[in-house]
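For reference, the structures are reproduced in the following blocks.
Here come two complexes built around chain A, the first alongside chain B, the second alongside chain C.
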Partner chain A sequence: MTTDNSGDVRLSGISKTYGSFTAVHPLDLTVPQGSFFALLGASGCGKTTTLRMIAGLEEPSSGTVHLGEQDVTHLPPYKRPVNTVFQSYALFPHLDIFENVAFGLRRRGVKSVKKQVEEMLELVQLGEQARKKPHQLSGGQQQRVAVARALINHPKVLLLDEPLGALDLKLRRQMQLELKRIQTEVGITFVHVTHDQEEAMTMADTVAVMNAGRVEQLGAPTDLYENPQTTFVANFLGTSNLIEAEVDSRSGEDVVLRAGGGKLTLPRARCSAQATTGGKVLVGVRPEKISLTHADDAGEIPDGRNRITGRIADSSFIGVSTQYVIDSPVCPEFEVYAQNIDRDPRLVPGTEVVLHWNPAHTFGLDAAQDIDAGVGTVGEEAA
Partner chain B sequence: MSTITRAEAPELTPAPETKPPRRRGRWTPYWLLLPGILWLVVFFALPMLYQASTSVQTGSLEEGYKVTWHFATYWDALSQYWPQFVRSVLYAASATILCLLLGYPLAYLIAFRAGRWRNLIMILVIAPFFTSFLIRTLAWKTILADGGPVVGALNALHVLDLTNWLGWTAGDRVLATPLAVVCGLTYNFLPFMILPLYTSLERIDPRLHEAAGDLYAQPFTTFRKVTFPLSMPGVVSGTLLTFIPAAGDYVNADLLGSTDTRMVGNVIQTQFLRILDYPTAAALSFILMAAILLMVTLYIRKSGTEDLV
Partner chain C sequence: MAFVNWLKRHLVVVAGLLTLGYLLLPNVVVTVFSFNKPKGRFNYEWQQFSTDAWKDPCGVADMCGSLSLSLQIAVWATLGATALGTMIAFALVRYRFRARGAVNSLIFLPMAMPEVVMAASLLTLFLNMGAQLGFWTILIAHIMFCLSFVVTAVKARVMSMDPRLEQAAQDLYAGPLQTFLRVTLPIAAPGIAAGALLAFALSFDDFIITNFNAGSTVTFPMFVWGSAQRGTPVQINVIGTTMFVVAVLLVLVSMALGNRRNRQKA
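Presenting the complex of A and B:
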């Protein structure tokens, strides 16, 4: 038995330049058959251009695109076994829902489309709407028509260009699960472009984070979140506290760092930068990994944990957790998310506290990068 | 039944009568409509009524005309001038088809391919309007003049042999033939075709082309199944804006044609201004109007129900 790889997408060295502007730098990427792959990044990072090169809507300036064994680099879109769910759907306004869904079948000369179209409309729960025009449907229904119109052709790869961008939050959550269900059901390779990190993480098996025309990091969602390799990924995916630190020494599998007079331990395996003694690295830790203890109880903190002292600058109670902003000598705005299990009533703004966490949750990044890369690009879609 | 509703009515309006807060505001739309309505009454409705009455009058210039409800004028006018009616429809239809064939590719180019040249081409399309209609038509007279370069070239390419055979031209002439009149009509009404076509093509989301391509439609199929159906509003309004004035036109037939190419507009003009037979002229005008209304209604019915969004 051979494994079917006809739905693999292989990009080798593809790039796209418009005049002097490089939208996508030479890029190598392999999306395995049957996977749900997300291209994640802020607007203008080249993710949509990459998708359009797979679809054949843009000609790459260099490199090749393979689908399985077939080189499709120079094939026009209508000859490629891929289909796209367009941003804002691009449904044909003059055709009803049935004809929209049947469009691809009819173009390939399929004679009896009725049964297939009806089945597909059932799959997306739109059987009743078959004779309506697109403008008579709600946004969520139009979105499902767009998916049905693409999926009915049984493409090797389904490309989704911000397919949920036009929907409200609740509907988006619902459609995320719906798309994931459909993908599992049909087993087709999905390549999904989004700027919503939560969407990418919930839906995709593999996420490629793109920034300024390059893939910053590629991996499973948990891997990207727990082990960011660049400051952009650390800041763009969720929130990270980054501290500039100096390498003090090495002890076994760990690197010992100095930051603001204190010492921090970082597992060598979790440091993506060269940790030479005397050199600088950026130390990162996620806000929810940190515990807060009142300065008076500092003695109760177990040994072997990384510690930082500071004063609570601000706190906001948001139900499941409380978010604190800590003013500490190493970082003026240290963020801590504490679960509301045993709230210490003394932890109010102005209180001196000790922040401590398991060194295994620390990660190290190359200090040569912009420490604020990717900050603020996350909230873009909230507007 | 009525007693019940009457009995309830007083109960429904027990509230003390309060004046509507902004009484003057209610009349604003009518005041705004007034100039337009006055204009229509003075320059459209009254002349129409006047012409309608003229068409059923009898008499002569010397004795004066009287309304005698002489509907036979209509029948006489139609039986005498039906060839000019048929010719008008044929010429106008030919010019409309030519305008569509010439205008559609140009409108398509401006809407989708012109890029930064878009505005320049648009100006070139509209530019002829800066010169009088008459002068432009007279210029065509020079262009198509006997023995001129255009006629010479057409002759050399044996195009005239073909058009002579089709009956569009005669001998070595283009001027004073049906071809010249149809060309003049086409030229003069082309912008009226291009502008609505451009407007409806330009409104088409280019992503629909991409979507069609993505769904296995080759470029021509995309045009046939997506672009053209979506441009139908422009095709309908463009053809109407070309056909209606072209059918009533007399300038092109007058300047570029001959007595054999007289259209109904020429007949009406002659009846009104030279023969001074006002009833016949008025009757001809009404027949033309009725014929156009009928054709346009049928056309819109046919193209408007299914294809338009």
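Presenting the complex of A and C:
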């Protein structure tokens, strides 16, 4: 392990207010050197403002920004060892691709830029386009120019502000992998702002989910997905089925809950709320963890699994999976994604079914929150 | 019937050509009469072909002096109005200051005000200040009325500029001065150039305001006006034709350059 931490980004108590509006609440965040870090949230959640404070394009209302050991809070952007890939790229329209990429080197007084620029254009596969103007390139090519223009300066940290937002889906997937490859190759700290949860999970080592100017939860993508701590994270990252339940008793490592008529088991380690007997918690389970069994075959379900009864309200065939919406007494719209391996032809809308899953896949949340927080904000265009 | 159909299909082209003819006819007349050899002092009737005037364009007393004065005033007025107007345009677009709205509308006043009224008021002002009428009063007046046109042209350009471009420059180690010189100015350049051309054209052929505030100084438009009352030398047509040809050549050259650059890049 290297002990070099000059590429650490450390935000301490940083906040931003515009008049009476607070865009970012005081926030502490450390991004370790060499990591791919994503700030994820819906539009207006403060993620871009946070990024711009690291770049120096916004002055924080309070708190400090450190890069490694250096306090850069009051340094102007052109004195920070940080470069940004802007949303919509902001390529200089009057300069050709070569000069766009060479811009940073020239401003720092580097004499012979030709070799470096050509190498960088090779890295992003644009060697042929060096003498074209930005408007003559496609969106994907412009995006790569923007990355090359920032990376050529070997910044301590590369900031990416919704860099893939303007690309179509296929190109976006391709660029996600490309950016990830470049990051692994150059080993620079990347801080990536996005509203696309899939993008954040594909690319980042660590994701911070932001909502209304605060970080809701921070962690590895799998950790965030499997163990959401708030309803916002549970709903914003993928889909969650949330059931209101009452704590019945505790047995060893598990909490036993009552929902509707049945009982559900929840591992205590996976419950972020206080589970006092008689209190309420929200029980969550992801749609792909659930199995569907026709009510006639209910006897074949092994013991020890959490079960709920219901009726299929709707089903849609997606190819790799079939998505069911189940009308259940404990939850009106329970979602289930079933792999199309052994499809039971009897499972059509109107059928009575039993839903069952391994209790280890259950998570518990504080019932005092809005159960629908973060629903429907996915995929919204960022401002 | 066939003709009606043909006309229907080519109506836009026909209308365009007719309009162009309407615009260019006066210039054609000026050019044709620059080769005339008039009888008497007035160059209003075609007599016979001659290149006398072209061989001796400065053959009329004082004409080339007034032309050179007009060109000098136009150059200085263009420089002054473009520099000031560009700064005003940036201030109006980029900064929020007290009375910004008022300045924004007042800047159009010289465009809207009848020229004679403005000319007379300026003269009153200069006389009350005890200023010596001449080159400097003309220049001050020209800069003043060219300003609004420059501001309008540059403002449109600056308003459509993406502020992220300047942020990107700063992010790429360009300080405030470098950002302005390397990014802001080049991108605003077409607007500034348009404003400057407009200022030059307006200043060069202004008559009314100049006539009021020139004192005993004579610019080219004043010379033409003065001589038109006593007889029109053919050389005036020579100068007019030359100006027209130079302007057309400039446009053609810049178009050719633009085309070649685009073809190279493509």
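In the analysis below, the second predicted complex is superposed on the first by the 377 of 383 C-alpha atoms of A that agree within 3 Å, B and C clash if a C-alpha of one lies under 4 Å from a C-alpha of the other, contacts with A are read in each partner's own complex, and residues count from 1 in each chain.
Keep in mind that, in the parts below, a residue touches a chain if its C-beta (ideal position, glycine included) is under 8 Å from a C-beta of that chain, and two chains touch if they have at least 3 such contacts.
Model, not experiment: these values are computed from the prediction.
*Asks:* Return fit or clash for chain B versus chain C, each positioned on chain A through the superposition.
*Replies:* Taken together on chain A, chain C would clash with chain B, as the superposition shows.
*Asks:* Is A:268 touching the first partner chain B, the second partner chain C, both, or neither of them?
*Replies:* neither
*Asks:* Between chain B and chain C, whom does A:103 touch in the aligned arrangement: first, second, both, or neither?
*Replies:* both
*Asks:* Regarding the shared-chain residue A:181, is it in contact with chain B (first), chain C (second), both, or neither?
*Replies:* neither
*Asks:* With both complexes superposed on chain A, which partner does A:149 reach: first (chain B), second (chain C), both or neither?
*Replies:* both
*Asks:* In the overlay, answer first, second, both or neither for which of chain B and chain C A:132 touches.
*Replies:* In the superposed model, A:132 contacts chain C only, not chain B.
*Asks:* What is the contact status of A:250 with respect to chain B (first) and chain C (second): first, second, both, or neither?
*Replies:* Neither partner.
*Asks:* Which chain A residues lie in the overlap of the chain B contact set and the chain C contact set?
*Replies:* Overlap of chain B and chain C footprints on chain A: residues 55-57, 76-78, 82-84, 86-88, 90-94, 103-104, 107-108, 133, 149-150, 153.
*Asks:* Residue numbers of chain B touching chain A in their complex, please.
*Replies:* The touching residues are 205, 207-208, 210-218, 221, 225-226, 229-230, 307, 309.
*Asks:* Could you pull out which chain C residues touch chain A in their complex?
*Replies:* Residue positions touching the partner: 162, 164-165, 167-175, 178-179, 182-183, 186-187, 189, 264-266.
*Asks:* For the complex, which residues does chain A have touching chain B?
*Replies:* Contact set of chain A toward chain B: 55-57, 76-78, 82-84, 86-88, 90-94, 103-104, 107-108, 133, 149-150, 153.
*Asks:* Going by the contact rule at the top, pick out the chain A residues touching chain C in the complex.
*Replies:* Checking each residue of chain A against chain C gives 55-57, 76-79, 82-84, 86-88, 90-94, 96, 103-104, 107-108, 131-133, 136, 149-150, 153.
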